[in-house]
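The structure follows.
For reference, chains read A, B and C in written order, and residue numbers begin at 1 within each chain.
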Amino acid sequence: MELYRLTGHELIRKIENKEASSQDILSALTQRIKAIDAKVNAYVRLSGSPEHSLPSLDQTSILRGIPISIKDNICTQDHNTECCSKILEGFRPPYDATVIGKLKNSGALILETKTNMDEFAFGSSTENSCFGPSHNPWDLECVTGGSSGGSAAAVAADEAVWALGSDTGGSIRQPAAFCGVVGLKPTYGRVSRYGLIAFASSLDQIGPITKDVRDCATLMNIISGYDPNDSTSVNVRVPDYTQSLVNDVKGIKIGIPREYFVEGMDEEVKKRVEEAIGQLRALGAVCQEVSLPHTEYAVPVYYIIATAEASSNLARFDGVQYGLRTEAQNIIDMYKKTRDKGFGQEAKRRVILGTFVLSHGYYDAYYLRALKVRTLIKQDFDKVFAEFDCIITPTSPTSAFKIGEKINDPLKMYLSDIYTISVNLAGLAAISIPCGFTKKGLPAGLQILAKPFNEEILFRVAHTYEQNTAWHLQKPTF
Amino acid sequence: MSLNKDTIKQVAHLSRIHLKPAELEMLSGQLKDILDFIDKLKKLDVANISPTSHILAINNVFREDVPKNSLPADKALENAPVKQGKFFGVPKIIE
Amino acid sequence: MEYEAVIGLEVHVHLKTKTKAFCGCSTEFGNAPNSQVCPVCLGFPGSLPVLNHLALDYAVKVGLALNCQVQEYTKFDRKHYYYPDLAKNYQISQYDLPLSKDGFLDIYLNGKAKHIRIKRAHLEEDAGKLIHQQDLSLVDFNRAGIPLLEIVTDPDINSPQEAYEYLTNLKSIIEYLDVSDCDMEKGSLRCDANVSVRPKGTSGLGVKAELKNMNSFKGVRDALTYEIERQIKSAHRGEKIVQETRLWDAKSLKTFSMRTKEQAQDYRYFPDPDLPPFIITQEKINEIKNSIPELPKEKCQRFMKEYGLSEYDARILVSNKNNTDYAEECFKAWKDKNKKPVANWLIGPLAGIASSNNIEISEVKISAKDFLELIDLVENKQLISNLTGKTVLEEMVSTGKSPSLIIQEKNLAQISDEGVLEKEIATVIKENAKSVQAYRSGKENALMFLVGQVMKKTNGKANPKVVQEILKRRLTDA
């Protein structure tokens, strides 16, 4: 099999066995990107071969010089990091994100040409990118999901060995589901946010997008951990997540929330997820219905809190120190015109909504109320996790929709986050793994949720399911 | 709760974003729909619920008063659209 | 109709930590622009704040010294407004849960004490500096992120002089705590004033003007004087006072209205999601309390008790910490129980020399040993007169020599020997028969004239007290 088809752990073995070098791998990947990215548009600002960091000279490092692809909102020193937004055109951060430093220290080769995303991570389809949408490798007319659509598509199309994405309301898991790959959102505070260009500070996390569960655990070992530069990162020991890759779910108690199987969800997706649950039962897991009564309030709560924080985090984009600046007579004009020209539609919409819910007279009715409902949502999960080891849901109510289908209906777009959003609100960990295909041949995703700092159970259940099925071995016809 | 055009204009000013009339029109409609949807939160009784500002139960995260390397001025100014010497330049402010 | 002024003061004090509030950049003053900056204080995308431990400790220290209630639970909020010197276009500050509140500071005016209530003292970060040129404004972020303590009084101040006293007392306390340089010229202390007028005897609050741009305590006093008069004149003319911000112009000695802002600022405060809250335990409070040195008020009481000083003298001496230390050194080394001579020489001649050289008493280059020696020579040994003593003091400053040496070199020793003086006195009596006659017939002034003549004859070296006594005896004898 061609090198670019292999998983990270398979490539590590190849290098260990001297069957290939890291240079071979980089070449193979580069050829692959050149061959197909014009169709997929997973990478942005790509001209010819992707740029990359200097390969590590350490032959025995964990990651052996294997390339990793990075979402455009994670800072890489002296290399363009633009959040796929015009307002950050040309921005080169003078520092590396903490996770980038950790990856480099583990011997990774960082691809400096970044992967596509919805501008500032605002979106569920990667259609909000100023570089145009990425195309789903399983059906190029369909979206990849978002906002980490570029990373998910690259991994699915074997244009990336593995990748980093970010997740605020499902932005790793939903594109992973749409593209038939694995995506994990760590517990809030598990992975440092230093160097992640912030969308919603109390919800954001960086996480891996990979071809299989083992690769995901391998990356999680490296990127997790306390960072003194991030006041919200937690000093909790990082276990060896690969130790959790055990093929056994006997006796594991899994809760299935009734509110997550709504009317209007795609029948095919529903069936695949139910089949998956059946398989886990057959493997010895105990699956029971549970209730998360405040589920229907998650999307409105999210869109208040996330937009409020986003409006605040995006206030700094004003043309003064970096990025786009328009010609103007005075400073206020400069601010207004720069932000008009630099922000796309969705960004404007969210900044304005976020500013509104924080403004004088509306703060109590919207923002404060949303914070209180957030407490209720968290309490729902606390109750369930007191009895159950994990929770299983579909990742998304649908499979990948057509490019252009939802873009003019923001509310409809927001509702596609319905299963992933609560996880961020409650600070939990969650993984999405492929669990089959719809009749149209589009991937369906299974989401597993765990209580904070219990990624181990995610890896155990996900690995078991994966080893007893073959979805992860199927590739799009590319 | 409706977000009428005047409110949106005010909020756009607070956000320092210039909106063209067509945008204002479109946003008006879209934000109204979104707010109507969000209003379902009003159904809940949250009188005795405390707000969650921080999902983690951590406190007192500090650093020591020990100097760390700063950026060289050139590096700090590298991305500046307009600079003069070692300063960032902006259109003249009249106070 | 008589009017009275109602004043509230808002003081911002730079805490003199080595590094900034939320990053490790230096806080040193006066270095090359943008040489003390990093991604955090520049507000670069992806950067995150981490609180400087010492900034919080210093803030608590000041709160305690101002008799405030230090809060057990405190947090930071984001305060949003757009300005080029505010890197993130929001300031990390404190809104509804400031770290300390409800304290007071006593001032003394015309022998009476007055309680000025302190509403709150909270921690926040400073903004950068703007320099305005011909066509461009320039921004230097060295100052951005320096920890500030904002101290706000209730509107308990009723005159410009009271405001002046408040500021000098506040500065005094903070200097004692050694947590700030409190130098208005260097910008480590800034003061804004809110002032309104109301008919005397009423209790409501009138419409207030916010005064800014005062660069010294005297400037604050002058600005308030001007503004109060302006408002009273307006009131007498029946004009309405507009709530506005006015800038003090130290050249023309007037306040001017700033171009009116369209509406009241909506800062959209919300808790900063990047900074988990802070718990200040009673233990911590006690630890900090114990580190507070004897403050001016207590020191004043002690000086009065221990050194027998009047309240007036004591208060002058304790107002400046370095002066106080010098004074205490002198008092301790002065062997006599009666310390008043030392106090007099400190507050009189030494302070006089200090002020004519524009320095503090403690900065005058005279050792306590030499100073006390001089006082001893004048007061106890009466080797020289008071007047000569002052001259010797000045010599001591310019030459650095000891008083005995100067007296010896310049042959300034006072003649107190009665035997020697009798001779001169006899001569003077002989030469001034008229005055002698005048004195004998009741003109007291004539005696002083005769003393003066003796002083002339002895080149000022005669001890005037002794001369006076001898003359009296001689003249009333025969």
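Operating definition for what follows: a contact is a pair of C-beta atoms (placed from the backbone, for glycine too) under 8 Å apart; a residue touches a chain by one contact, two chains touch by 3 or more.
All values derive from a computational prediction rather than experimental measurement.
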item	value
Pair with more cross-chain C-beta pairs in contact, given A-C and A-B	A-B
Far-end chain from chain B, centres as C-alpha averages	C
Innermost chain by mean C-alpha position	B
Mean-CA-position distance for chain C and chain B (Å)	41
Centroid distance [mean C-alpha coordinates] between chain C and chain A, Å	58
Centroid spacing, where centroids are CA-atom means, of chain A and chain B in whole angstrom	23
For chain A, residues contacting two or more additional chains	91, 94, 202, 228, 231-232, 315, 318, 320-322, 331-332, 335, 355, 359
Where chain C touches two or more other chains, by residue	39, 42, 50-51, 82, 84, 137, 139, 266, 268, 273, 275-276
Multi-partner residues of chain B (each touching 2 or more other chains)	14, 16, 53-54, 56, 58, 61, 63, 71, 76, 82, 88, 90-94
Residues of chain C that touch chain A when the two form their complex	39, 42-51, 78, 80, 82, 84, 87-90, 137, 139, 266, 268, 270, 273-276
Touch list for chain B against partner chain A, complex	1, 3, 7-8, 11-12, 14-20, 23, 27, 30-31, 33-35, 37-42, 44, 46, 49-56, 58, 61, 63, 71, 75-76, 78-82, 88, 90-94
Complex interface listing, chain A residues touching chain C	74-75, 81, 83, 88, 91, 93-95, 97, 193-198, 200-202, 228-232, 308-309, 312, 315-318, 320-322, 331-332, 335, 355, 358-360, 363, 367
Complex contact set, residues of chain C against chain B	17-19, 23-26, 32-39, 42, 50-56, 75, 82, 84, 130-141, 247, 258-259, 266, 268, 271, 273, 275-279
Residues of chain B that touch chain C when the two form their complex	14, 16, 53-54, 56, 58-73, 76-77, 82, 84-95
